[in-house]
Every structure is written in C-alpha cells, then in structure tokens.
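Across the two complexes that follow, chain A remains constant while its partner is chain B and subsequently chain C.
Take a look at the complex of A and B:
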C-alpha cells in the first residue's frame, strides 16, 4: 500500500539560494499535513515541485505510486491545487472558469452547482470574476481545485486574508475533503489554522523540516503545560503560574484556588508558534 | 497576441495554475500557436472581404485573385510574427521581451528588405528578410507565390519548435 505522497531528500535552488534543502516526508490518504513556516521558508517551492511546476535539483517524488517528473501529467490528473494567489481568469465568469479547467481534465458537461452552492457562490456563478471579492475568488479557487474529485489536495495559504465567514467555509471544505479520503497538504504561516486542521504539522525553516509530528505531540514534547491563577490580594491582584509537570502541582493549585477573591483560572499550553520559535529561533511572521 | 499568450499568463499568475493541470507544457505552447493561426486567419479573411468591398464600391480595377493572394501571404506573415513573438515569450516569460523583440526584428528585417537591394553586392541578403516572402513576389500583380507562403509557414513552425524545449525547461517567473 503506497502512501499518497512520498518525498525523499528533495532539493531546489533559485540561483545560489537554496530554497529547499533535503526535505523528506510521507503523507497518508485522508491525512491533513500542515506545512508551517515563515515566508521564504521553502513551503511554496516544495508545493510547486510536488505539483509538477518545478523540477527538483535532487531527490525523489512519488505521488499515488507514480513518480515525477516521468508521470507528471498522470499525477496532475488526480490532484487538485489551490494557490495563495487568486489566479483565475478575470474576464470569465466563475462558472466559465470551472468549465475551462474541467476541460483540461477531460471533464465535460459537469454540473458545478453543488460545488458552487457548497462554497456560497451559486448566486454569483455567472458574474465575471473581476467583480468578485478576494474571499469569493479564493472560494472559487477551492472549488476549481476539486472539480476532478482529487485524491490529493495541495492548498497554499487557502485562508490568507479572508474574512472569518469565508475562512470558515474554506476550512469546512478542507475537513470534508479529508473525511472523503483525500490527502491534504496545507501550507500556511497561520499557526491556529494548522492547529485546528492538521493531523500532523511539519515545521519548515530555511528549506529544511525542523520538526514533524502531531500538534499534540509537539506541544507535549516541547511545550510546558501550566495553570495561571489570578486573585485579589490586599487591594492588588496576585498572579500565580503553576507548571503542571512540576512535582506537587496539584497541591499548589489547591492552595492557590482556596482563597477568597479568586478571579480567574486559565490553563495554558505552548502554541505551535512558541514551539516553532524554540526549534528554529525565528517567528512565523518573519 | 503572441507575447500575451504565454508571458501574459505568467504576468497574470494564471500560468502556474494552467501548468498544474494535466497538460504538457508543449501542448500549452502548441495550442497557443493554434490560436494565433486562427486569429491571423480571421484577420486575413477580414482584410480580403474589406478590400473586396472597397474595390467594389470605389470601382478600382484590381484583380480579386491578387487581393486573395496578398491576403493569404498577409496571414502567413502574421502567423510568422505571432510565432516569433510566442517563441520569445516562451523562452523569456517576459511580455516586453516578446513584444519589443518582435517589433525590433520586424523593423530590422523590413529595412533590410527595403534597403539592401540598393547595393548590388548586398542585394541577395534581402532574401533573408521575411518581408521578401511576404511582399517580394508582388502578390497583387502576380498572384500567390506558393513557395513564399510555404517558407513563411515553415519558418513559423521552426521558431515555435525551437521554443518548445526552452519553455519545457525554464522555471516560471511567477
């Protein structure tokens, strides 16, 4: 049984700049893998190689049991891509865009209404894309990525800059695609999105994978779980942070809450961004 | 049109999406070339019909066959320029290179065709200009020079063919 994607020792350089430097990863069917990293970390370049737009300088790519670049077109017929840039044809309507791309996949006379309804574009489907908002274009891009019922979805910053309603709609689509059995590679620098959606996350920095695991495991391995307790004390506010992994943490918590004037109790755990900074020494917005 | 065909797609950032679809880069170039052929043919037919109507209205004595021959060569010449522009676009990915490169080559070859014959020793070199195969046979008077049309179309296929490996190998700008 093949993994949906198997990548080994992938390398790519833009001139003298090494954008991807020895990336190896496997993605299973139905899995959502979050690719986390700041701008310029090598996320998009990796995706471009996996979707056949760039040829790697070194390394091997196997997608659905087929190899690149030998079987690129066969692979492309079974994947869907949604890029960060809203690159659809502006002079066509949303429906015409879908029809155009569907024909490139050899799909004719497909009823796009269920797709368009699913992302809330059915009422504007026949309007020119140039009149669409950024969120509508992104939802159209998502729809376009799914016209061939792909077995793998490559999504590059799919909710970047979207309003909360559009972002929620896009996330719902991503989850339902994974439940259908599609492998999803999600590149993002939004740690919350990666945390919410991903089964595993890969931290990519300076072209290398710095860590690869489930969000929970990363937090357990690298983060410190704690409870922050605030209470009124002598006209001021006292705050205690108790590490849950410390010996006697239970007693400390009991003592801290057994006071008059207790105000708030918050459990705290490391965020993916904290862990990324710990592992790489740089932030995700860098 | 040739310049916009590929470099324009790169500028508008639609090329990446196109190339992530299950079509080869060669097919993209060849279908764009097909569109140029159709476009040039439509312009040629329009030119013929317009000229024919003008002749009929003005009562000018001009052979309809000559107008048709000139229109056919115009189409072939248009296809050549479109192919040249497409090739530069495929190789560079920059619309300005394709546009100004084609205009530059067009101007140089026009002046070569127009002025080299002034000097007897250089006159033969004028045959290297594509204008020689477009207008050199005086199609309005002498009718269609099939050989010239074939040379223009052959050159078109040659430059598109040369551009294919360049487009196949290079990275997209965007």
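Take a look at the complex of A and C:
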C-alpha cells in the first residue's frame, strides 16, 4: 500500500536562492498534514512542486503511486487545490466556474447543488462571482477543489477571510474529506486551526523541515506543561506557575490551592507557535 | 472514494478553455463595446470616403526664367486644375514632390540653359518628377505643354527630350481612391482592436491567477496557450472577415485574401500574448499594446501617402500584410504575385509567436 504522497530530498532554487533544500515527507491516505512556516520558508514552492506547477531541481515525488513529472497530468486528475489567492472567474457565476473546472477534469453534467449547499452558496450559485464577498469566493474555491472527488487536497489558507461560522463549516468539510479517505495538506498561519485539524504538522524553515510530528508529541517534546494559579494576597494578586514535569509538582499545587482568596487555576501547554519559535528562532509571521 | 475521472483529451480541454474565453469576452462590456463599435464605425467610415481620385495637381518647377512662362500657361489652363509652385533648385523640387510639400505631386526640372538651348535649336532635356499616383496622362500633358512652350520660344518644333523620375511604386493607370487606400488600414485596425481584447483577457488571467488554477487540473500550460491562440486568432479573423464582407472586399481572390487575414490574425494574437503578459489592468494593457500598435500601423498609414514610405518601413512585420491586402484588393494580385508578401507575413508571424509564447510561459511560471 503506497502512502498518498512520498517526497524525498526535494530541492528547488530561484536563481542563486535555494527555496527548498532537501525536504522529505510522507502523507498517508486520510491524514491531515499541517504545513507551517513563515513567508518565504519554502511552503508554497514545495506545494507548487507537489501540484505540478514547478519541476524540482532534485529529489523525487511520488503521488498515489505515480511519479512526477512523468505522470503529472494523471496525478492532477486526482488532486484538488485551493489557493490562497481568490483565483475564480469573476464574470462567471459560481455554478459556471464549477462547471468549467469540472469539464477540465472530464466531468460533465455534474450536480453541484450538494457541494454548494454544503458551503452555504446554493442561493447565490447563479450570481456572478464579482458580486460575492471574500468569504463566499473562498468557499467557492473550496468547492472547486472537491469537484473531482480528489484523493489528495492541497489547501492554502482555506479559512482566510472567513467569518467564524463559515470557518467552522470549512473545517468540518476538511475533516469529512479526510474521513472520506483524502490526504489533506493544509498550509496555514492559524496555529489553532493547525492544532485542531492536523494529524501531524511539519514546520518548514529556510527550505528545510525543522520538525515533523503530531501536535501532541511536539508539545510533549518541546513544550512545558504547567499550572497557573492566581489568588488574592494582602490586597494584591499573587500568581504561581508550577511546571507539571517538576518533581513534587503535586505537593506544590496542593499547597497553592489550599489558601483563602483562590481566584483561578489554569493548565497551560506550549503552543505550536512557541515551539516553532523555539525550534527555528523566528516567528510564523516573519 | 469514487473512481477517478478519465483524463479528458487535449482537444476537449482546449475546446473547454476556448468556450470559457468566449463567454468571458462576451461578458466584458468594455472590450465587447470596443469590438462592435469599431466594426460598425470602420464600415461607416469606409462607405463615407470618396470613391473618386482627386484630379487637381500642383506642379513644381525649377529652372532660370521658366516660372513666368509656366504661370502664364497654367493661368490659361485653370479649368484643368493646374497650379504652379516655383523652387530654387532641383533638389528642393524632388524633396517637395517626395514629401508632398505644398501638395506638389509633379515637378518639372528645366535645365538652366533651357531658353538658350531652345532659342539656338539645340536638343535639351526636361525631367518630369512625379509621385506614384500621378496619372501617366498628366505626365504626357506636361510634356506637351513644355513642347508648346519651346515652340512658342523658337517658333518651330524642337527636340526637347523628357526623362521621367517616378518616386515610390509606379501605379501608372492603377491609381486607387481614398476609399481603397483606407481598406487595409481599416482591416488592420480591426485586427489591432482584437489584439487589445485578447491582451486584456490574458492580463486578467495573469492578474487574478486563474491560470494557476487551470494548470493544476489535467490542463497543461500548452493547452492553455493553445486555447488562447485559437480564441485570439478566431476572434480577430472573424471580425476582419465580417469587415471585409461589409465593405465588399472579398470579391477578388477570396482564398488568398483570407490566407493573408488568417496570418495577420495569428500575428496580432502573438503580439497580444506579449502585451497580456505585461499588462495588469485596462490602462497598462492599452499602454503595452500601444508599444506594438504604433509601429505596426505605420505600413498601413503610409498607404494613405503613396511615395512617402521609406525603405525601413518594409522591415516592419506588418508591411507584408498591408502590402499583400492592397495588392490583392486594389490591383488584383494573385498567388504568384503575393508569394513574397505571404512569406514575409508567415516569417514574422513565426518570430512573433516564438517571442509571445516564450514571454507568456515565463510569466505563468513566475506567478
């Protein structure tokens, strides 16, 4: 049984600038891989190579048991891509956009209503896209990425610009696509989203994968679990942070809570962003 | 998981993109308006232009003492529409005839010893300098007029010889009307407007990056480019054929003429690929297109001023196209006469495509 995606020692340069430098990763069917990194880290270039837009300088790409670039068109017939840019045809309606792209996959006369209903666009399906809001365009692009029932989904900032309700709907769609068996590569700046959705996350920095593991494991390996206890003390507020991995943490916690004026107790764990900064020395927004 | 769709054929993909482009074109009000308005306006302009040749000719003359003689003679011939302008030297006369200064279309360069030679009964030579559109009959009339002047001076017929210097291509007996002169220019303008439309559509695909969405489906970049070429050339070709039908210009050698127009449509499509690669919105597309439009229109404009085209104009890619259309529509040229023009247009079209496709491919890869 092949992994959905197998990438080995991938390299790509723009002139003298090495954008991707030896990236290796495997993604299983039904897995959601969060692809995290700041601008210019090499995420987009890697995705462009995996979707057949760029040819790697070195390394190998196997998608669904087929190799790139030899079988690029066959691979592209079985993947779906949702871009960060809202690249939809403005002079056409939402339904016409879907029909055009479906025909490029050889799909004719498909009923798009279930897709459109799923993302809340059914009532505006026949309106021109130029009249859509940013969030509606994003949802249309998500729908477009799924019209060929793809076995792999590449999603670049899929909830960017969406209101919380729409974002939740899109996340539910992503989850259901993974449950259907599609491998999902999710590029996002939203650490909470990556944490909630991803089975594993890959931190990419300066063209290399700095870490690749489940969010839980990364937090366990690189973060510190702690309890933050706040209580009133002599007219002020006292705050204690107790590391759970320290010896005697249990006794410390018992003592801290056994006081008058106890206000709040919070468990805390490292965020993916903190871990990224710790591993790479730079923030995700850099 | 459903079974994956069969990858469609290249032809089917190209047809789908062309169909989408046509839909996008018909929904872009600006380009649609420009196309329809242009077509209607050009047809109207063509039929409003005079279909007659202006027979009034201004004569330039140089030579000691001949101006008075000519002024008296032409004064008697006012009904014939003759007018005389004097020049200091033969060089200024030739320049004036060549460039159409003072509307001088024909010049008579008398030798300085004309009067002395005629009076002494010695043979003398007068040079007739004329632009291409001056009728041979008028040149003959001028020669007769000079012979009469010589007769008046000497009192007997004298051996005055004439040497003709024709500037530009000699169209003796084949002068074209202003309407006919405008025909290739109008056809060319239609092609260029369609170039603008295609460049606008391409710029929009680049700017919105819809091209990236297309080429991550089973559609290859080559399918996308082929579809643009097919759509652009069909659009330009369709419009220019409509124009020529409306101005009744497909009567002579229709297949040959359509071949020229098809090559012309392909050539402007190639220019549109370049303009569309660099354009970002209507203004920048217009600006980028103008870089091509202005030089490309020179051969068509030079037809309005016969004899004014310098030799460098022949190096402009559209020269063969314009010249070919003129020779077929106005002078009834056939395939054999048009081979060099066809070769020139085909060659430049290939060059333009290599450049246009390369530019667009680089642009798409840079997105």
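The rule is short, and it goes like this: the second predicted complex is superposed on the first by the 286 of 286 C-alpha atoms of A that agree within 3 Å, B and C clash if a C-alpha of one lies under 4 Å from a C-alpha of the other, contacts with A are read in each partner's own complex, and residues count from 1 in each chain.
The rule we apply is simple: a residue touches a chain if its C-beta (ideal position, glycine included) is under 8 Å from a C-beta of that chain, and two chains touch if they have at least 3 such contacts.
What you see is a predicted model; the values in this text were computed from it and never measured.
After alignment on the shared chain A, the placement of chain B and chain C results in a clash.
Of the two partner chains, neither chain B nor chain C is touched by A:35.
Touch criterion met: A:151 reaches chain C, while chain B stays clear of it.
Looking at the superposition, the partner that touches the larger set of chain A residues, chain B or chain C, turns out to be C.
Of the two partner chains, neither chain B nor chain C is touched by A:203.
Applying the stated contact rule after C-alpha superposition, one finds that A:115 touches neither chain B nor chain C.
In the superposition on chain A, A:77 contacts both chain B and chain C. In the superposed model, A:132 makes contact with neither chain B nor chain C. In the overlay built on the shared chain, the residue A:181 is in contact with chain C alone; chain B does not reach it.
Taking chain A as the common frame, chain C overlaps chain B at a single listed stretch, which among 39-47, 75-83, 111-119 or 345-353 is 345-353.
Within chain A, the residues touched by chain B in the first complex and by chain C in the second are 51-54, 73-74, 76-77, 79, 81, 83, 85, 87-90, 101, 104-106, 144. Across the complex, chain A is touched by residues 1-2, 4-8, 12-13, 16-17, 20, 23-24, 27-28, 208-210, 212-220, 365 of chain C.
Residues of chain A touching chain B in their complex: 14, 48, 51-54, 73-74, 76-77, 79, 81, 83, 85, 87-90, 101, 104-106, 144. Across the complex, chain A meets chain C through its residues 51-54, 73-74, 76-79, 81, 83, 85-92, 96, 100-101, 103-107, 144, 148-149, 151, 180-182. On chain B, the positions that touch chain A within their shared complex are 12-14, 16-24, 171-172, 174.
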